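Shared between the two complexes below is chain A, which pairs with chain B and chain C, respectively.
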Partner chain A sequence: MIDLVAKSPCADLLPLDIGTVTLTEVGPERMTSLAPYRGREAALATVLKQAHGVTWPAPNRATGRDGARALWFGQRMALLVGPAPDARLAAEAALSDQSDAWAVVTLTGPGARDVLARLTPLDLRPDRFKRGHTARSDLRHMMASITRLGADRYRIMVFRGFAETLVHDLRAAMERVAAR
Partner chain B sequence: MRITCPICGARDRREFYYMGAAVALDRPVPEADAAAWNAYIHERDNPAGLTRDLWYHEAGCGAWLVVTRDTISHEVHGVTLASDMRAGG
Partner chain C sequence: MRFAQGGLIDREAPVEFSFDGRSYRGFAGDTLASALLANDIRLMGRSFKYHRPRGPLTAGSEEPNALVTLGEGPGQEPNARATTCEVHDGLVARSQNRWPGLGFDLLGVNDWAAPFLGAGFYYKTFMWPKSFWERLYEPLIRRAAGLGSLSGVASAETCDKAFAHCDLLVIGAGPAGLMAALAAARAGADVILADEDTRPGGALLRESGEVAGQPGAHWAVQVSEELAGMDNVRIMCRTSVTGVYDHGTYAALERAAPATVRREGAATETFWRIVARRTVLAAGALERPVAFRDNDRPGVMLAGAVRAYANRWAVRPGRAVAVFGNNDSAHRTARDLMARGVHVCALVDARHGARTDLDLPFFPGAVVSRAHGGRRLEAVDIRMPGRSLRLRADCLAISGGWNPSVHLTCHLGARPVWDADLVAFLPGAGAVPGLDVAGAASGVFSTAGCLESGWHAGMAAARALDLKPVEAAIPKAEDGHYDIVPLWAVPGKGRAWVDFQNDVTVKDVSQAAQENFRSVEHMKRYTTQGMAPDQGKNSNVVALAVLADATRDGIPETGTTTFRPPFTPVSIAAMGAGAQGMGFAPRRLTTSHRVSLRRGAPMLEVGLWYRPSHYPRVGEATWRESCDREARMVRESVGITDVSTLGKIDIQGPDAARFLDFVYTNRFTTLAEGRVRYGLMLREDGHVMDDGTTARLGPEHYLMTTTTAAAGQVLRHLEFVHQCLCPHMDLRLISVTEQWAQFAVAGPRASALLEEVLQGPLDLPFMGCRAVSMGPVGARLFRISFSGEQGYEIAVPSRYGEGLFSRLVDRAEALGGGAYGMEALNVLRIEKGFITHAEIHGRVTAFDIGMAGMISKDKDCIGKAAAARPGLLGAEREQLVGLRPVKSGAAILAGAHLFEEQAEAISRHDQGYVTSTCHSPALGDTLALGFLRNGRARHGEVVRMVEHLQGVETLCRVSDPLAFDPAGGRMRD
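Take a look at the complex of A and B:
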């Protein structure tokens, strides 16, 4: 009998503490993409609010809190992070389980923005990319989801297969920021 | 170069994939004659000045965009969602 062991994407790679910045893995956590059926956007927003207490996010915005969050995730799509999706959501939207598909990390500490700025062309200035803002963008040629959760706290997601590259690139940027 | 995606806002060119001239918006009807299909498939202008391209916001929201820009000054004059162009006619 083979005993399969669940392994998170960044197991053996994290956490990292370099200078004033810390990189940790998030999860495992339940993640579900919600793509509303044509004309069902308002109905989906209502069910999402009733079932999970989370507002449907406008483009480039994240709503909710730790434990139940919705990230805008692209054209006509949001990512529900935390709870298992309520069955009523399935009547209004196409749901896909994304829990195992992404490497999810948190970059925290003074200087986190400087580290991230070395890897993505996003405008990360504090008055442009505020707490509760999210973006789909490019992180060293990887398609990423980047969310600002606090003054110096960012949630970064890339496809699971890029976990090692993600950690490698973040480590290099952390070392260079710390060396300045 | 920055392109202002109607959904995401102003973003770096690296987030976008360049498709080419926006001819796909004017696809001939299936019964069109060979000359029309030949022009659609093979003939491209190489304008010095205003041009209309299709770009894909690959690393961003995933929208296809119609970008009107100037090949001389590199100025971007307008960006619209390709899906809106199709819906409009």
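Take a look at the complex of A and C:
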């Protein structure tokens, strides 16, 4: 039987520790986009809560916890991170497997915000971009999903093919911040 | 000379630096200018055009004269202002625009030739012969007149770029800015306080007056410490706000402190984009000089600058100092110098009836009419009603009044407003939404007034932010009336400088007016006044006043030129920070990237993607040999190529099929599950947007494939159509391009290979698809072909991409095949007449490419109506054809144009053009695709290909685009 080796997007590139900031790869984890069909938002939210214990996220919000999380992911769309989607979800929403489509990293440590401020125009002030806030925005030249998971902890996602550039750009920003 | 005591320098921290190869000592806290003056060096530069010897005029970022080159080697920085450059151990600075040296500059001959080099001289001279301008005159002029230069070598130094957000941005940390920041911060606002100096304080750093009963500089330290201790305040020193943009966005350039720059990985400069809900501009005011004969001699400085050198840097500005002005700034300078024991030989005040309590030679109602000296000032002429007098002086402090720093208020198009009492331009009301002006920038020139104005601006900002301001007492400070008489230029013979940096004199401005360049904008361009790196900060108001005098139009009527960003020079390196090398553009890599690199494949950039060109093997000297071999391999055995870069869009929902019917020209409601169909997509204007295949994976689940180039465009188009044109349809769209690694397996042995890999029969008809598995890994198999051979594409979740690609290539090689790259892929599709964006380049219709029949007659689709417009159909259209050389092997070049055999090759006779070309190993000849007028009716005709750039001409026979296996048996059976 053919046995294929699995490889993560940032394999060989991470982790990185520069100054007070650490960059690590997340996963692999199951990621599924949930896009409710017309008029099914409420039904989807109910199933999501029942099946996975996760609240449907409002725009720019992330719900749930490590292991089962829902990130707002665009217009009427969320990304379920963690569990395999319950079959009942498919009746209410279009589901697409996104587990392999993204390079996912976590940036942690004091100064993580300063590193991100070199790459994204988002207003990351702690009282504006709070824990549980998420945004689709630029990360330098790439489109990204950025979520604040903790005081100094951010989840960053870009298309898988950009993994090398993601690490390159974050490393450069980490070095600049460490040298300040 | 340095005073024994005082100043804001750290005498415990001496530093050693060099200027023009000689070593000097200064102290931490010195600028290059203050340290050189302390070493009695006055001559710091040569002027732009006449190579006049120059010393510093100012003590700030507006400095026009003392421009130097910092550092050596690739990262040398030209045109740095000695007045803002911090000295530090090991600093290397050089003077500019002189040869062989600063003291003796041969190009000083320009000064003697000045009568011939006045305003507009190069518009009048160097006219003949015409061809000499570009090759001889311009290079000569550029060499003789100029500033510093770059090294011409890429610098290893790095810059940085960053974003910041705040409730209130305060620009300038002088008395007004500090108070504004304090008021808003105490109310709870999130404040950024930016100042271009190395420390907060602004004018307080140079003035001797007290604030709240203590020296102003001490008060500034106390307040900035309070601010620095607050979580909601960020003080950004060495940060010049350089531009104002929409929606409260400000550009700012931060210079790193010398100690920071030495750290590994540190950026020398950071270009900030600051977004602020409110802004207080407290940028202060700039003192202006007075024009009189030879007012540019080293030793002539602005009165405020002289105070700064004396008070802040404890530098004795001269042995005998004359002071000249039309306002009280001159008196303050005289007072401060005398307090330091400096001999002030004259206080010349242009105001009749002016008085002083100072014990010195006082000349009210008088002017300085001339400066004497060469490389340093030696004497000044004082002209009074009825008599004149020459006095020895090695320093002259001048003040022609103060110009509020209105520049940033003009960046969105507002004009400043003339105030006749203050003899200055003030910011226009409401010039920038959300921005208030405080302190000297708003025309308040006393310290007490600045403190109060800043405090009120901060309170107003807090209220505008819905915060509750906290009342507090405003500290006491010097107060007084700003009393000034207009004085721009002292009449007389000789040259009187207006724009020191660009060598523009009073005479030049008057001459511009005489020659009818009367508008201030015309005068500026004719004389180049205000076009130097200082952007006229020192000269604009004087120049337009001189112009107004010459035209008799009045100053408000004459107006100012337009102030544009940047306020101070910004290096391109800072704006482009991070864009060197790998940072220039992101790289999008396929899962097979590293395997391809290991096999020696050169990469081609396709948008942001990197795709292998070909896979060279031992013995293959050129890409053509590899490409020919790979193309033959696919025709004869089996080839593998990565097609993951093609866009993949998941389309799901009850109305997905109806939606596809609307966006594609052909029908998809009739597509059965497990089947794939080729689709053509038009833009609203009837031209072809993209093509690709769409598979029906489930009852309401479709997977659309786009071309690599148009993946983003197509998804955007689909979202637009769904959200705006068909909101009633129930379906959802998302890109799954990167979820799947997909590989084409093509060739007569493709089935054999896949049966081996999948360990079972494929059982898939042409244009079929189904789910397959490789152990635990779920995969998708499609039977589609872009090569004309028996073809499959197999898709796995991307994490398995590298593993599967390696496996497929290994198996293919065992079967006599292997990996093939973009070059071979291109050859294979040209042989089949399959189009890419070389053909569907945006100007062609379905009719042009021979697919008019694909526009279904039974349904509507995007672009259908527009595609039927007159002019988009018929014999006049250039239509897709195949081309082969009449003489076997002759070149057909992409981009070349087609003409009738006997016609002259000019655009009027243009019949079409070549879009794609290759050498076809299968046919053993050159093969091309192109568009030819009425081409489908002309198969068999001979046309002439002309490529004008390389001068290549080839006779071509027109044919059907489909050249290989026209019946398609190899692909279908």
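Keep in mind that, in the parts below, the second predicted complex is superposed on the first by the 177 of 180 C-alpha atoms of A that agree within 3 Å, B and C clash if a C-alpha of one lies under 4 Å from a C-alpha of the other, contacts with A are read in each partner's own complex, and residues count from 1 in each chain.
Everything that follows uses one rule, which is that contacts are C-beta pairs under 8 Å (C-beta built on N, C-alpha and C of every residue); 3 or more make two chains touch, one makes a residue touch a chain.
What you see is a predicted model; the values in this text were computed from it and never measured.
Judged by the touch definition given at the top, the superposed model places A:Glu175 against chain C, while chain B stays out of reach.
Contacts of A:Ala135 after superposition on the shared chain: chain B is touched, whereas chain C is not.
Set side by side, chain B and chain C differ in how many residues of chain A they touch, and the one touching more is C.
Contacts of A:Pro121 after superposition: both chain B and chain C are touched.
Once the two complexes are overlaid on the shared chain, A:Pro59 sits against chain B while remaining clear of chain C. Comparing the two complexes, residues 121-123 of chain A contact chain B in one case and chain C in the other.
Against chain A, the residues of chain C that register as touching in their complex are 158, 160-165, 190, 256, 260, 263-267, 270, 273, 275, 578, 582-583, 585-591, 608-609, 650, 652-654, 730-732, 734-740, 757-759, 774-775, 777, 796-804, 807.
Against chain B, in their complex, chain A makes its touches with residues 59-60, 74-75, 121-123, 135-138, 143-144. On the side of chain A, the complex with chain C involves touching residues 1-9, 28, 33, 35-38, 77, 93-102, 114, 117-118, 120-125, 128, 140-142, 159-165, 168-169, 172, 175-176, 178-180. Those residues of chain B that touch chain A in the complex are listed here as 7-12, 14-15, 58-63.
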